[in-house]
Structure formats: C-alpha cells, structure tokens
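Pasting the structures in now, so scroll down.
Paired with chain B in one complex and with chain C in the other, chain A is shared by the two complexes that follow.
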Partner chain A sequence: MLNDYNEVLQKLCHHLEQLVGPGVEITPQTDLINELAIDSVKLLNLIMEIEDEFDISVPINALADVQTVHELASLIHRIKAQEQ
Partner chain B sequence: MSLLDKLDAVAAARKALLPEGVEVFGTPIEEVYSSTEARIGDHRILFLGTNNYLGLTFAQECRDAAQEAIHSEGTGTTGSRMANGSYRGHRALEREFAEFYQCRSCIVFTTGYQANLATISGLAGPGDIVLIDGDSHASIYDGCRLSGAEIIRFKHNDPADLEKRLRRLGERSRSTLIIAEGIYSMLGDRAPLADIVKVKDAYNSTLLLDEAHSLGVLGETGQGLVEETGLLDRVDFITGTFSKSLGGIGGYCVSNHPQLDQLRYVSRPYIFTASPTPATIASTRAALRLLREGVELRRQLWKNVHQLYSQLKELDYRLGPEPSPVIATILETPQQALALWKGLLENGIYVNLVLPPATPEGNSLVRCSVSAVHTSEQMNHVGKTFARLRETVFQ
Partner chain C sequence: MTSTINLEGKTLSSTIAKLNAPLTQAFNPQLLSSEQPAAAIPTPTYNTQAQRLADFDTLIAALEYAASGTSGYNFYDAKGNLRSVLSYRALRQNAQAAARQLLGLGLARGDRVAIIADTTPEFVEIFYACRYAGLVPYAMPVPVNLGSHAVYVRQLRGMLEAGQASAALANVDYVGFLKEAAEESRDLRWVGTPEQLRELPALNTELAANSPDEIAYLQFTSGSTRMPRGVVITEGALMSNLQGIVRHGLNIRAGDRCASWLPFYHDMGLVGMVMAPMVAQVSVDYLATRDFAIRPLQWLRLISRNRATVAFSQPFGLKLCTLRVRDSDLEDLDLSSWRAAGVGAEMIRPDTLRSFAEKFAPAGFDARAFLPCYGLAESTLAVTFSQGGQGFQSLRVDAATLVDKKVAVRLQVEGRKYSEFVNCGRALPGHTVKVVDEAGGQLPDLRVGSVLVQGSSIMTGYFNNPEDTCKTLKPGNWLDTGDLGFLFEGDLYITGRRTDVIIVNGRNIRAQDIEELAEQQPEVRTREASAFGITDANDVTTIVLVIECRLTSVTDRQSLTSRLQRLVYMAFGVNCLVELVPPHTLPRTSSGKLSRFAARQGFIQRTQMTDQLSAESGDK
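Right, the complex of A and B next:
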C-alpha cells in the first residue's frame, strides 16, 4: 500500500540519492541540512517532486519542523493518509 | 552556532563566491545625472538594471510636485495613519488609484513590500490557505508567513498544477487565496492570467495579482496585465508598487470588494509603520497622471525591449521566455554571470547580478531592465557591448 510508511521512506530516499549523488549513506536519522547540504531552495524543489510522486500538497510551513529524513517521511505519510 | 557566528558564515560564503575588491551588491553610486546615467567611481555609467520603466524619476512634473509638497506639508508624517491621521494627499492618491482601476477602493502603503505583507496577512489567517506561484517575490512569501495561513506553492506559471492542488483541497478551496504576478521580476515572463482566472472561478477561490512590474508597462492606459488581457473585473485584489514605473516609493492595493477597507484595522504592516511622506505622495500623483497618458512612453519602451531582446537572442544568449522590460540573461555558473556583469560595468553599463538562492532553479542571472527613455545610441552601445563580451564570458 502506498501510504505505508516504509514505502514512503524508500521512495523519499530514492529522490534524495538522485539529489545528492552516489556514495552518500542515507538513513532515517540523516540530517537533511547539515549532512546532505540541502538548502532551502533545493528542499523546495525536492518537495515539488515528492508532491508529484505522492499526489499531495505539502504546506511549506510544515517544513520548519523537519530536520531528518525520518521527519520528512513521516510528514509525507501523514499528509497522504489525511488526503485519502 | 551563536547569533554572530551565523553572520560570519554568511560573510565567508560571500567571500568564497566573489573576488576581493568588487562591490557587486550595493555598488556605491557617487552622483546621479538623469534617470539613465550616473557616476560609479570615476566612470560615467548607464543604468540598465533599475526598474525605471517609464523614466519618470526625473520628470519635471514629479519633481516640482514633490518640492511643493515639502514646502507646504513638511518632510514627513512622523506616524501611522491610524494614529496620526490621513493627509489630503493620501486620500487623494487612493481616490485616483481607485478611479484608475475603476474599482471601489484603494489603500496606499508605505512600500510595495508592505502592500503585499499587509494585503496577504489581512486577507488570510490561520486555518486558511495561500496558494502561491513557486517563483513569487520575497514580499509574497513574507506576507504569507505573517498571515499564519498554510502556504502551498504551485509550479511556476502552471494553471494545470494550480488546478490539481485546488482539487486536492476540496471544500477548503473556498478559503484559499491564490497569488500570481503580472510580470515576474527575475525572468520577465507574464502570468497565464486567463487560465488562472478560470481555475479560481471553478473552485470559488480568491485571486490576488501583484502588478509590481507590469503597472505602466502593459495595457493601453498602463493598468498592467489585467488591462492587456481584459480581465480587470475577474481579479479580486491587485497590489503594486510606486517604486518602479512611478519612480517613487510606496505601494497600493485596489479591489471591488468592500471588505478591503477593513484591512486598515487588522493589517499590521499598515497600522504599525509611518505613512508615506507628502513628497512621495505628491510625486506619485503626478507620475500616475503621466503613466495613464503615457501611450508614447510605452511605445518607446517596447521598441527598446524588442530591440535588445532580439539582439541578445541573435547573439545566442540564453534569455527569459518572452520579451519584456525585464530582460535576463541566464548563465550556468555564478562565475560566468560575474564575468559578464563586470565586463558590462567596465564598459559603462550597470545591471543587476542575481545569484542563487534569489533566482529561479538555481541559475545565475545578469538581469537588465529597459526604460522608455533609453536613447537609441544607448541601446546600440548595449547591444555592441554584449556582442563583444560573448567570447570572454563563454570561453
């Protein structure tokens, strides 16, 4: 099922790998800003891709609380569940 | 990281990007000779990056009106209109703007930035949604933040993406404020207004259009994109600025919704700041008259636009998608952009250098803006210089 958290996490990691390139280990605890150097503009572009993939809208206010890969995956999962 | 360490990090990032001794941002201007010429260091330069689209900063009528206002009403109002009252000029300018747009009301603000802050945060609040174009100006983003509403971006100039997002919102689309710009400030492209209006009507949302760069530039009388497209009465709120085609400083919002006036009582960027000075209001009133009658200025402006856009296109510079008074050359690296910017300045042409993150899609831009009062000699010099610099920039 698409709204399964693990599937969200997997797809998110796939997007992140494309963004930061190979050779960087990405775990749920990875910090998006400090470890993957994803700045605010890159993050907004990533969100647009994710929105297309999951057919959701992610309010940018919600991103203020997102620091790790896990936190972003949970946010997407939560919005996806709400919209269904 | 401490507060001050964070600023040190900003300084280090800037130093890494820009060579020593080049004051790229906030370049000192020693003397201003006219709306198109000034002195930087020992060099006479041509302004090709201001937003002085109609060249009105030196219009005699505007300067006389400002001087007269200083003599009769003083240099400032020293307070907000809420507390210290509305001068005759404030009220007259609001009437004149409302009449210009054939709208019920207008509110004038101290800057264009504040016009967006005040209008957006006055209209939307916690629990509402603002649905904004991804390439929106910082004042729109900041207004949305101040509102406390949920902020969702749609893909730049993509009404289908806007529609998809409204559909997902269901009933909440009724409490959604959609925001777009007449002409986008970085690449000079227009919003697809007819399609946006259709989508907004279908979902019973509200539409705000920022005509900052299109006022005075588009439409027979210069109202902006609403006039060019004949959609004035389909847009709920229009904001704009006095700082570009009107050659002053300040901003406005016009609307047919009677509720607009209530913004005066709820909108912090209107209440908690001093009102525009008498000189500003007087020069803007004079400029608005010239703008409305400025058919010839607009003809000259667009002649210059088409000349430069087609010259740069022929030279194979990568440009924004359509000719407009904002003509941006898009470069792959900040270094190329800096080389072009410096080359132009060494040849007496001062333009805007715009680097990420202030640019769409992380590109670097050398942003030119064309004025009605640029002469054909000046435009020829610009074209020749771009041709000469091509080799150096792309080597």
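Right, the complex of A and C next:
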C-alpha cells in the first residue's frame, strides 16, 4: 500500500513535525541536521517510529548517507518496496 | 539446531552467517518474512564443567578450557528472537580455522588486524582468531550518525593509520566504508569480509601459544577523528584485570548469566561482556547496541526471560530505559534474577540510579543489585568496584566548599546546597588508587584532585605514540586517569572530568577535536575557539563552542554558526551551541593557551546559566 513515495513522505513529515514541534516548515529539501536539529537521541525515537509505522528495519549503515527529508523518505520507500 | 552448530567448522560458519542475518536483511525480502530462521536454544546457564575463574595465563588458554564446556555467546535480534548461537566450543573451532586463514595472508606475529565491531558472532570469531594466530586485533566503531559517511571514513582511516593495521575486516554492511578508508593506506595487505576470509587458503601450521608479556589487543579510546589513540594491553594485564573483575568485582558463581547491549568496540563491552564471561565459562546474551538504543525494553526482556544475573550499563543506558520503557511494559518483566547491575564508564549520578530503581521496582528490580564501578581502557577496564549486593552508597558534600576549597565536607545541616557523589568502591587486588594535587603531591581523604592508578592491569602505553604515553604514564608507572575525585575511608568518589573531555549521552568527546574542527574554517584562527560542556539541572550536557569572530555581516555570522553546528553534528552526532564573541574575549593562560575552564566560567556569566557540575578544575 505504501509503495507511493508521496505517502511515505507525508507520513514521515507528520512524525518529524511531532518531533521538532510546531512552527517549523518541513519540505523534502529540509536538512535534518541543520534545520531540524535531529540529535542522536531524537534520531533513535524517529527510527523507532519509522520502523513501527512502516513495519521495516532501517539499516544503520544507510543512515550515514542521509541528510535531508527527501533522502530519508527515499530510503524508507526503497526498503519498503524491496520488502514487498 | 544447536547440535549441528557444534559440528565441523564449515557448516557452522555458514549456519551462523545465515542465522545472524546482517542489517542488509532489510533489503532482502525473503529473510524478512515472518518465518525468519531462528536458532532453537541458547547456550545453557549451568555448565557441565568445573568453573575456573580466570586463572589462566592467556586469553586463548581460557578459551581452550571454556571450549570443553557447554556455555557460550548468544545473539538476539531487535524483536528478541535468538538469531545465532556461538558456543565456546564452536568459537574455538571457528577461530582456529580463521587464524590459519589470517596467517595465509602472510601476516607476521604481532601484526595488527582492524575489525569493525558490529555485535555479531563473526566479530568475536575474528577477534579470537587473531589471538590464535599471534596477531593483535583492535575493534573499530560502527557509524551511528545521520549523514556521517565522510566523517566516518576519516575516522576509520585515522584508526587504520594509528594502529598500522596489516589487515582489516568488516561485515558486508560496513566493508564499503572500510575500503574507502583503506584507499591510501600503505600498511594494509588485505581488506574484506569474514566470508571472504573464509574463502582464502589456510596456512597449514601449528598455532603457537601466546605468552603473558605479548600484546593481546589495542583499544581505541576516543571518538576523535584526528589522532586516535590505541591503548596497548598485554595478555598479562588483561588476565589480571579479568581475574579482578570475575572474582573480586562480580564474585562470579555457578548460575550466573550475562546480558549485554554494550558495543564491542568499547572496553566495557569487549573486556567486560565478551572476554570476562568467557574466562569464567559463563553464557552471555547479546542485543546489538543499535537495537537497544531504539528499544531499550528488549535488553530488560532478555534479562527477564533468560534469568540473567549480571548486566552492565553506562548511566546513560539506564536513563534510556527509565525514559523509554512504558509502565504497561513492566507487567511482563521479572528482573528479580539480576543480582549485579554494574554501572560505570561515565560519571554516575545518584538520581539516575534512583529513578531507574523506582521505575523498575514493580518489575522485581532490587536496588541492592546496583554495582557502581570505575575504570578506563588505559587500565584494561576496571579499577575499582563497590561492594556487591549492597546497592549504591553516596556522599553528600557541601557544594560551596567543594568549589572554593576543593574539599569534600560532609553535609552537616539540611538546607545547604550540596553535591552528591556515588561511592565507586575500592581498587582491585594488585592495584592502588591515589589522589594528587597539581604538583603531584598525594592528598589526604576528602581532598579533591587528580585520580592516579598503579597496578597490574595498566597499559604499556599508547601504540606508537611515546608523547601521549609519557603524558599519561607518570614516573613509578602511575596512570593519570584524567578524572577528578577524592578518597574517603578507602573508597573512591569521582567528582568530574578535567575539562578536556566532554561526555554527551554517554559518549566521550574531546574538546580539542571540536576546536580543531572549528579552526579548519577559514574564518576561525588557531587558538580562537574554545569548546566545553555545560550540564543543566536535568543532567543534560550541551556542548558549547565559543569563537572569537571578526565577521560583521549577519549573513556571514549565520553561515559560520550553522556550518559549525553541522560539522560538529556530523563528526560527533550531537548538537552544539555556538557563541560568536569579539576578539580577545576568551581568557588565556600566561603561556597564551586558551583556558577552557575560564572560557566556560565566562560563558556561564554571560548567559546567566547555572551549572551544577561544580568540581571540575581548570586545564593544566
């Protein structure tokens, strides 16, 4: 069902909004580190939520190449697509 | 299934490779179905052999003995399923086979082998294989931060160089990073995965015994990207420390079982929860650090389900459990078997332990299980242990006297502002702890100073780094721990770190590394950046980076600030506060060196922040 990238993006943004609080605009180009200040503890929470929401396992080595919301959404989408 | 595992090496390795599905399984649809292969039974708690408590000359001698019993290592996945079983018997067999393959690469005795240490059976096999082959292994970390690719590769490169590795291994998830890091290396003769090593021809040779005075392994100590330091530990030092841990510290006995999420690339994970259980023939259940960090409950479930008795954590790990485990989860937990809840590796705050005990008391956790201890990689692992079975003891001292006079005065009247410190216990047999002032003179009880250790577990030095070795190992082979504390009635209390190390979320970050990152920016001059940690009342540490800055345009200043924050994040995985100040704001010592201590005081004054960390002294 979640093969659609846009749907992944939408759900991801929803989680990010809850994590960083109101008043921050989140777009695919938003930088997770610089603009959303996702530190290591917030990242753990985020991964847990992503794994629960999308029922996937996010490999830690793939995160080393993720910096923007779009890159994270693509990663989730890719894992999800390959698992189906 | 466990019976086939004890058969010959080849079947075993492939079984384990399959069972221990690496992280790439996320990309493999077949492995992720609900019918994941699972190992049937973990190694038993009660062994068939007589227990020997680390009375061996070398690590391999200990493994040879453990291999005649039934205990071993067990690896669990994020969902709590048993994914692979590596009995000590199977470990011996696989490690010997891999040792001959390592020797087949043409490596000579004493050559270093670098291994990226994910929580897998393969890491453990290669580590022991190195010792069978007379090679010196060292563990390297896995990447943990978002967008850290380039920084991680640099970090690996630094470690490969500092340890002058001749061979390097990583599992399939990390070997790409490793190969990138190895590109310019002159010393490396081989880089690959454990599976690739298995394909190589074995050298058909007798494996020579090790001697107590040869190097057992190197332990890298900081997350520093530039100039990482490899602690050199001999077999003799290792066995001495392991004996102290299992006999004196933990009083290991029949019926003990360990559960651990600690990374294999940290001394507490590797020495404390890989080697120490093996030299006492105790079974261990592992959860990968990543899986613990995301779902700390799984560690507690493992303890509960397998009736573990010994499990260690940094205070930060206990805090994660307290914060993240839901009350509804408590019903299914029974932590009453947990008799030794070791706590160490960073400053222990009494409140962290109290909150944990309060939260998990309904699940049967007994606060008397808390076992505070103190140690560092430069002393193999452990230096002091508190008395087992008594819970943690602490001392409340007058906060003002502590700061002004560096004296711990026990609180006489209620209502005064106090600092509370946890009793870390006494030195292991064969070790002495003393506290000295800045001139090196020994201080009496309750006087705060530098903590020095002497004894049989001390490192021989930092690998290929006489300068740092000389700074750390004082005359008489006294190890300067870099920590501050005081002694009281023979027990050690740690009050803080010197300002050159900042601990954030359980990780040690060297202030110098952050300052160097800043100084690499064109706008920042050498000696115009100062980094330090600020800990607030909720025990949250923030890194502050103060920069003397000549930029006037708002855009330029903004650009520098956000670039610095990004660089610090990518290198260390933490956010930092950047403050730009006019030139000549940062206080300097008479020799022109920046004083981080004074810079920190200045920052606190400017921002009116109150800082509860009170007993840190200035730089030397």
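Definition applied: the second predicted complex is superposed on the first by the 83 of 84 C-alpha atoms of A that agree within 3 Å, B and C clash if a C-alpha of one lies under 4 Å from a C-alpha of the other, contacts with A are read in each partner's own complex, and residues count from 1 in each chain.
The criterion applied here is as follows: contacts are C-beta pairs under 8 Å (C-beta built on N, C-alpha and C of every residue); 3 or more make two chains touch, one makes a residue touch a chain.
Computed from a predicted model, the values in this text were never measured in an experiment.
**Student:** Given the alignment on chain A, is it a clash or a fit between chain B and chain C?
**Tutor:** clash
**Student:** Can A:Met48 be said to touch chain B (first), chain C (second), both, or neither?
**Tutor:** both
**Student:** On chain A, which partner's contacts cover more residues, chain B's or chain C's?
**Tutor:** Between chain B and chain C, the winner on chain A residue contacts is C.
**Student:** Check the residue A:Ile60 against both partner chains and state whether it touches chain B (first), chain C (second), both, or neither.
**Tutor:** A:Ile60 sits against chain B and chain C alike.
**Student:** Have a look at where A:Asp4 lands relative to chain B and chain C in the superposition and call it first, second, both or neither.
**Tutor:** Neither partner.
**Student:** Quick one: classify A:Asn34 as touching chain B (first), chain C (second), both or neither.
**Tutor:** second
**Student:** For A:Gln82, is the partner it touches chain B (first), chain C (second), both, or none of the two (neither)?
**Tutor:** After superposing on A, A:Gln82 lies in contact with chain C but is clear of chain B.
**Student:** From the options 147-155, 309-317 or 579-587, pick the one stretch of chain C whose C-alpha atoms clash with chain B.
**Tutor:** 309-317
**Student:** Both chain B and chain C contact which residues of chain A?
**Tutor:** Looking at chain A, the two contact sets intersect at 39-41, 44, 48, 56-61, 83.
**Student:** Under the definition above, what is the set of chain A residues touching chain C in their complex?
**Tutor:** Checking each residue of chain A against chain C gives 31-34, 37-41, 43-44, 47-48, 51, 56-61, 63-67, 78-79, 82-84.
**Student:** Could you please specify the touching residues of chain A with respect to chain B in the complex?
**Tutor:** Touching chain B from chain A are residues 39-42, 44-45, 48, 55-61, 83.
**Student:** Spell out the residues on chain C that touch chain A in their complex, using ranges where they run on.
**Tutor:** Checking each residue of chain C against chain A gives 23-29, 32, 78, 142-149, 152, 173-174, 176-177, 290, 293-295, 505, 562, 565-566, 569-570, 573-575.
**Student:** Would you tell me which residues of chain B are touching chain A in their complex?
**Tutor:** Touch residues, chain B against chain A: 129, 134, 145, 150-153, 155, 165, 168-169, 356-357, 361-362.
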